[in-house]
Amino acid sequence: MPQMTDERVRAGMTREEDLSLLNEVSMKTAGVSHLEMCIQCGTCGGSCPVAADMDHTPRMLFAMLRAGMREEVLRSNTPWLCVSCYHCVVRCPQEVHIADVMYTLKGMAIQAKLYTDSTAPHFSQTFVGMVETFGRGYELGLATRHYLRHFPLRLPGMMPMGLGMISKGRMAIVPKKIKHMDQLTKILDRAKELELTS
Amino acid sequence: MNKYLLYPGCSMDSSAKAYMESLNSIVEPLDLHLEEIEDWNCCGATEYLGINLIPAYSLIARNLALAAKQTSDTRTVVAPCSACYLNLAKADYYMQERPTLGAKVNEALAAGGLEYKAGTLDVRHLIDVLVYDVGLDAIRKAVIHPLSGLKVVPYMGCMLPRPDYQHRWSDHEHPTELDDLLRALGADVIDYPLTTSCCGGHMTQIGPETAFELIHRLVSDADERGAQMMVTVCPMCQMNIDAYQNEMNHFFGTNFHMPILFFTQLMGLAFGRKPNEVGIGVELVSARNALAHIGVEVPVTEEPAAPRKKDEGLPMPRRWTKHEGKKEAVK
Amino acid sequence: MTERVGVYVCHCGSNIAGTVDVVDVANWAAEKLGRQGVIIAREYKFMCSSLGQELIEKDIKELGLTRVVVAACSPHLHEKTFRTAAKNAGLNPYLVELASIREQVSWVHSDKAVATAKAKAVVSGAVSRVIENRPLEEIKVPINPNTLVVGGGIAGIQSALEIANAGFHVYLVEREPSIGGHMAQFDKTFPTLDCSACILTPRMVEAGTHPNITLLTWSEVTNVAGYVGNFHVTIKKKARFINEELCTGCGICQEKCPKKVIDDVYEAGLGYRKAVYTPFAQAVPNFPVMDKENCTYFIKGTCKACEKFCPTGAIDFNQQDEMLHIDVGNIVLATGYDLFDARRVSNYGYGRLPNVFTSLEFERLSNAAGPTSGNIVLRDGKTTPKSVGVIHCVGSRDKNFNNYCSVICCMQGLKFAHLVHERTGATVYNFYIDMRTAYKAYDEFYQRVLEEGTLFVRGKVAEVTNAARNEREKGKLIIQVEDTLAGKQRRIPVDMVILSSGLQPRKDAKEVGKMFGISCSMDGWFTEKHPKLDPVSTMTEGIYIVGCAQGPKDIPSSVAQGAAASARVLDKILQKEVALEPIKASVNKEMCSGCRICNGLCPFNAIAFIEDDKVTEINPALCQGCGTCVAACPAGAISGTGFSNEQIIAQIDGLLLRNLEVQEAV
Amino acid sequence: MNNETFEPTIIGFTCNWCSYRASDLAGTARMKYAPNVRLIRLMCSGRLDPTFVLRALSEGADGVMITGCHPGECHYIEQNYKALRRYLLLKRVLAGMGIEPGRVKLVWASAAEGAKFAAETTLFVEEIRKLGPLNWGRADSGPQTVDREVPSTVHNPSSEMEVPA
Amino acid sequence: MTAKPKFAMYWAASCGGCEIAVLNTHEKILDVDANFDVVFWPVAMDAKYKDVEAMEDGSILLTLFNGGIRNDENEHIAKLLRQKSKILVAFGSCACEGCIPGLANLSPVGDIVHTAFNTLTTDNPNEVYPRTSYDVPEGELHIPTLSRMVRPLEQVVDVDYFMPGCPPESHQIAAVIDLVIKVVKGEAELPPKGSVIGCGDSTVCDECPRARNVKFIKEFKRIQDIAPIDPTLCLLEQGVPCNGPATRSGCNARCPQAGAQCIGCYGPADGVLDYGARLITAFSSVIDANTPEEIDHILDGIPDPTGQVYRFNLAGSLLKANREAWKVVNGK
């Protein structure tokens, strides 16, 4: 099947049901992903600061996308380890938007409930929950809730740091809330509807 | 007069309040006018993008829409936080690159009575504005108390120079903006190959071992090169290296003591502000000893640098910069 | 006056007839286009066959056709065929028009009714157009037998020698003080490892002493006027400050000159030369040049050491740049390439990390005549590396830099591996994306290097760093890469890194192209007339491109192209005159108001303003027929043959079937 | 007319060196594309006189596609830039005449881009199909959006239906 | 004494400037009287349509018809005069190409009526519009009906000669009158039918004394925004969108000589199908930019491109009118 470039989509040459996994990911990614252009050179895997902890290098993940290995890809810990340092993105000789593809894969994994370790997805969701409630980040709430849930044993070890932060005034005890929270909620609700229709 | 809209970001009044305080201390000597975007919201950091695409971009775009509405005498938004800067710049860029995304985001914004036409605003980071608009000459002129003798490694972090949608930085890998600025303050700047390597980002929350490894790389290399402190432009970098250094030492059985300050704090000191006016003292890895090297109250006289041994080896090519041929400020 | 038009619809076997009802098209043309002058419409199996052509010729003679439309394939295929047929029958060849109903209709559409309808419209357009065609004659111009070759690298030398050996005069112009080009910098050449100097020097000497070659080094072309057969070229011969008549090339001036300068050109920045210098010992010609920018006398007004010691009094500080004007019939451009500036890939550290070298630096390092006398050492000038990494595709195949493959880098990287291995015994790594060893004896060389124990890692290197993570890495350059075949990130500490940098177009290629009236591709290489079938000609008659100016290539291909271009030049010279397509623009002087709007539009300098008459004129020999000025003239005073306004407007009306008496929905 | 069944008529201008060859290549490769575009070969997109576009539109074309070499790749060095400048001004004038900007399109296609030529052609046909017929000079052209009562001083003499040439 | 040849002049959709221009020929007007019998010239003498209708076909030797065809009365008289005249001259820009009244073709006629009778300057609270017929005690009264768009004379009847200009220059009128008189006396021959007369062969630049060079424009500006403007240099070269390069000569470059840009009243040169296209290509040819953004930025300096290139020629252009103006209008 031919690669579905934007050009082809615009020309109506590809239908929804023809989408390969690769193209599905490509279309769900912000901007133009150039995912189909990957030449498997390994620049991304070589650049990645956390590659050692990944079960697959980003390059391998792209090969697996091509091979249609949906479940294996969505179960991979690779996207969750991505630290968004963009080293791979600026070095990629084919201008693949690797970091954005990782965001897409995270979203797909959450939707398919295929992630293996829930730490990262829960952290993201907790964070987003705070933002959707207050409009601003709330570090103390986030940190305690997250650590309680995932690293309860480590929490005592982290206490001096947390206390230090609080005592130095670097962690607010109460969250800040924006003035027009209602407006933000309306925007986000509409955005979520749009997300579903796309 | 240099007027800008300010997008502070959530950390500026909590974990990075030293950044905010020190920023406030330099606006006057540099004739900077920062007007805060009214009722701005969180940019979503690196978290929202991984969950929902359109809501994530709509969240960011609300800020752009508010800014565009508020602005009359400037179209530049300044973000001191690298992650905020990247998110704002990225939303602006992708809304143009993928018009369908732009249209959807605007549809969502419309639910809140807002709209944003991508490309209307210039999104820039604080240091970009300081180096290229204010200029190193003006900064040099404002220095009262040069930081001579303070050995620093400039740590730019990753999200600032990359992916660089607007081609603002001298280089993606080894940008020199922070080096140049610190040199203008009189500090001894050490060439730091890891200047744009990652601090671990949110991995401190979700995979601490991974994050500790990254922090360790940064701190040990800085230490190896004889740095007395690291200097950063990003709240996340500061937080990770400062607040988690102790844990990292535990994890590796090391004993590093590498303070990390915001560049604005050093600017404040160089402009003659008192340590407490620029938020010094709230860092968890204390900078007291490092700052003693420049004797914040009693400046140490500068020792003449030892003449360099004549290089007998083969000549080296000049170092490259995207702005080759032009002087430092090109914008 | 009514024209008598014949329409011929080709079946092209089933190529057309399979999708287009050709009989219907022919009948329709005869019936509906009769008012336009169509007196006969026929269809035939293969119009381009000799029988098909005879059919047309017979009708021209017997029916007195004054215009012919052939509805068949693309004009790029058979326009010439049918024009020749018309000519044979006594009809001006430019009164024939091809309607492409194969490439544009039968091959790209499947529905027969739709295709047939479109074919009718296309035929209708061609009929309307051909009525407006006017008889044209080819333009013949004589050819000046002298040739200009620009660039004295191996491609240019080869080209010049071939033409000179055939007995015609060549001006060989070179920007640097000596001919030889990049090849003169190399130590060994792949895959046979011949010594570069050993095979190049005899050619250089031959070119330097050939009676039919005028060698102009330290010279640049500054202006080109004229057209094929009659180019007028201005060459700036830069002041050498050496009297070439008196200089014997003894070299004493260079010895005595007190000023040492880093040699950025020949030594790739890795060695020094004097302010008065010949770039290398075997330079042709062997007179030195004085580098005015660095000469102490020119800077401070005193020194003149060279003058004092010159035994023949050949130093002349008063020499001036000289402008030479020559006339030539053909021009060969062999302007070569620039090495990709590896500093741009800042993650590889060149320019920041001392022991990262470029390919050209390494060539000098390994060259016995180079700054280290062929000792492969680190930047400190003495330490021999124990491990070396060669990185491929530096600046090539990378959308951040150059998109294209630089062709030579794989083989070059293998050559480096071999040389390092042979001379130092160091461990050598080659980091590659794809190993490209096409062409004769190349892959055998790869096998040989494998045998020698070079370690190959498939992966584009992510970064070269000096930030060590452990004792093993301390003091080394660490190459961080994903070994894509092992699927793991690796960090490999080495002492030396060699960047197999790509080739890129000369910095001034765009301006040079403009001066010679040829275009550059998106990447900046000169564009050939046809990528496969006419690789050394350009769209501008009489201008040829050879060697790396046309695109990255190795020495054998450059030499082959040099020779190929010479064959084309000799062909032109022996024809004594050349025929130009009569598609030209001309100005109606009565209507021209002298507004000068067209004056800035012609990249071929064919448009000239006549101050005395205050009107514009077009030189038909320079005009390439693009028609931009025709479209631009606000007074409608410029007309173009072959593609006149009348022809195109008629074709539009015809295609839209406005020429039919009763409009039909097709 | 129903836009789904409407088959637009489009005039395409091609450059002899790039886009015309791209169309040849599309043919040689037997790529199928929409049959609505009828091509005219020019030597260069720089030859494109705005008159040609106006003529095509006024004589019944629903759209005009102008094609040329990619910027920087012009066979005649730089003439496609001149085409670009004309095109941009022409679009502005056409907008003033009530013609949708989408009806005239400039596409760059090199001789090697047969696939792009085919895809762009099909795409353009679809875009024009969406815009509907142009029918210039016919009374029923244009969107029927008379939003107020037309004064009775105005009538439409039948003799005006066809304007004498 | 044989009867003098008959002369007529008519004023359709135009401003009347053409009539003034004829009078501006000074004593030459006496030659008209001396050589012609003026039978119909509503602006100068009393005459009734029925008088003209009563004339023999082809009995008027020369008719100068000025003004475009805007309503059924214009059309009727144009056809009538065609029938009665040997030589029908489209006189002046309106008759040749629509001229300023032709700019009405940018809007549907309904909008024009609406604008005329119900805008800020016209107090019409009851929305009263004129009708084409009124019942009055004397019977039914008709007023002319507006047609869908303005048409040049040639689009309605066969025209023998065209004389451009807004208005035609008096010296050109005088020359044409002289010529016709000579023809009448058998001393000269008429030019081929369809010719454009009373003008030059080239364009305005031909007569413009300003110095000209190769032009590269980075910015288009209004003439009043350039200070100081060079009085000796080509205006287009200084960034002023001057229509001179595309406009037929014959006026002695009056406007550029007076320091204003040519606005194009003499229409296109011979053989030109569309005047606007010539100006599009003229202006775009001098733009010194290669990127769409930069080019668009420069083009922003021409705020009304359609008006700029079709100020006089809209009705005579290939497209003739804005798409809205082509729309059917219900005749109720």
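Note that the chains are named A, B, C, D and E in the order they appear, and that numbering of residues resets to 1 at the start of each chain.
The rule is simple: a contact is a pair of C-beta atoms (placed from the backbone, for glycine too) under 8 Å apart; a residue touches a chain by one contact, two chains touch by 3 or more.
Predicted model only: the values in this text are computed from it and were never measured.
Between subunit A and subunit B, the least number of touching-chain steps is 1.
Think of each touching pair as a link: the shortest run of links from subunit D to subunit E has 1 of them. Chains A-B form the pair with the most C-beta pairs in contact. Note: centroid distance subunit C to subunit E, computed from Cα atoms, is 54 Å. Rounded to a whole number, the gap between the C-alpha centres of subunit C and subunit D is 34 angstrom. Rounded to whole angstrom, the centroid-to-centroid distance between subunit A and subunit C, based on C-alpha atoms, equals 47 Å. Among the residues of subunit C, those in touch with two or more other chains are 347, 463, 601, 631-632, 645, 649. Within subunit D, the positions touching two or more other chains are listed as 49-51, 55, 78, 82, 86. Residues of subunit B in contact with at least two other chains: 172-173, 197, 217.
The touching residues of subunit D, when paired with subunit C in their complex, are 9, 11, 17, 20-21, 23-24, 26-28, 30-33, 35, 38-44, 46-52, 55-56, 59-61, 70, 72-79, 82-83, 86, 118.
Residue ranges on subunit D touching subunit E, taken from their complex, read 49-51, 54-55, 57-58, 71, 78, 81-82, 84-86, 88-90, 92-93, 95-99, 136-142, 144, 146, 148, 150-157, 160, 163-164.
Across the complex, subunit B meets subunit A through its residues 10-11, 13-18, 39-42, 44-55, 57-59, 62, 90, 93-94, 97-98, 101, 104-105, 107-114, 158-159, 162-164, 172-173, 196-198, 200-203, 205-210, 213-214, 217, 243-244, 246-247, 250, 281-284.
Within the complex formed with subunit C, the subunit A residues making contact are 39-48, 51-52, 56-57, 59-60, 87-88, 90-91, 93-95. Looking at the complex, you find that subunit A touches subunit B at residues 28, 30-32, 49-50, 52-53, 79-81, 83-87, 89-90, 99-100, 102-104, 106-107, 110, 119-120, 123-125, 127-128, 131, 135-139, 142-143, 146, 150-151, 154, 157-158, 160-161, 164-165, 168-172, 176, 178-180, 183-184, 186-192, 194-195, 198.
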